[in-house]
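Note that the chains take the letters A, B, C and D in the order they are written out, and that residue 1 is the start of every chain.
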């Protein structure tokens, strides 16, 4: 047993797929730097994310849910367990139209009781479409 | 034509049902006070909202999406049109387990270029499970 | 000794006056409902709060500092001790011009490890000029 | 006259010193990259920032005010004029004790009606003590 268990990409993907809700988002964990606290996730466009019928625009709701989830796992992968979200903020910067998303979460602080992660969401052209900042409860049990 | 068009509950419900994404949330607009800026929406529990398989706990993602959407329509019903979200914050207060939700959005400010709404989310026992605060762009076109 | 110590208005005022920084804000604790978690504070206008020379407009900085502090004491008065701020958000709704402020903080949740308070800031005419929402660490020691 | 006026470090410093409130914070504009939207400000420790008498710890209030102000000028320096804050969030990561601060603001989006800036606040050892994220109204007059 390790003194500091961590989560591999495969373990993160299993968490994603095992959650009935997260499974609807279609997240794919693609790269990680555990020590730096950086986790990258790809999210393919799906029609059930569409804001207005025929617009092919991402609704802000799934973007928020993705930010919450990927920020959480940036900390979780360092701690080896999932964490409850305390709160988060999302800012929408540009419409995202029928595009896959690249989501990059970065740990800003992994403290004794609170962790903070920043999450950047970019479209297929690399343009920032939304940014998130979230706090999670890091206390065990 | 009215100088200040508004949205009735029926019109709000049509917006909810016409959006492919919002339709997945199953929102039911149940009461409104347009002048006071208060909109109440019921949200029945659905299994695809489940956080961990078998937990019957609401994942925070759909809660955030519901907050964003209901806050938006509290302002939209006063202005007669939908509004882009600038940003929002959600705080999670208690787990919500296999319960319908009562969501109450209140306009705090409906200004020339920015509107602010607060959103309280309660479970079937009336306990607060999450609170949101969101800003929307109110400028026409 | 009480099993659940609380802070009276006089004790809150002593905390305000004993902090070198808070003393510069000139807060006056005027009413409280400890059980409901509501604390009301008056803040007289002072020239060193002025945004642009000659404008007599409150700068947003002291408004934010006031929100953080009054929200903190709404929880602190229930717990009998000060609390570290985890994070907070402030939304500015209207300019406040050369006016005293009435600040009302309300506890939304006083949980085992995190507390949440809402703070409304009104000018002398009772118009809302800013709203805040803050989380504090409630764990002892 | 330039089609896109900007603010030099000297002009930013003049704004800082001309505001009665900002002058109390003692900000020193030290470097800028206007195109990248990065502004760096140093803030010397002053006793009137002290949280508890004798602690020499920065109170969170002036940290929030500094974040609001420096984020604002990161956008202002690109637009050649000051901007009203819509809202901001501050997360406190570590106590800052009797230390000068290095504040780095970065523009994340400078849009037609809204701008977003991130602000990192580090102590004299380079440790992050607080982070901010703020939105400003970028529409002219």
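Keep in mind that, in the parts below, a residue touches a chain if its C-beta (ideal position, glycine included) is under 8 Å from a C-beta of that chain, and two chains touch if they have at least 3 such contacts.
Here the structure is a predicted model, which is why all the values come from computation and not from measurement.
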Comparing B-C with C-D, the one with more C-beta contacts is C-D
Determine, using the mean of C-alpha atoms as each chain's centre, which chain is farthest from chain D.
B
State, to the nearest whole Å, the distance from the C-alpha centre of chain B to the C-alpha centre of chain C.
28
Roughly how far is chain A from chain C, going centre to centre by Cα mean, in whole Å?
33
So how far apart, in whole Å, are chain C and chain D when each is placed at the average of its C-alpha atoms?
22
Multi-chain touching residues of chain B, meaning two or more other chains, are 86-87, 89, 91, 135
Touching residues (chain side chain D, partner chain A) in the complex:
89, 91, 93-94, 108-109, 111, 116, 118, 128, 131, 133, 135
Please name which positions on chain A make contact with chain B in the complex.
18-22, 24-25, 47-53, 59-62, 64-66, 68-69, 84-92
So in the complex, the part of chain B that touches chain D is made up of which residues?
86-87, 89, 113-114, 135, 137, 139
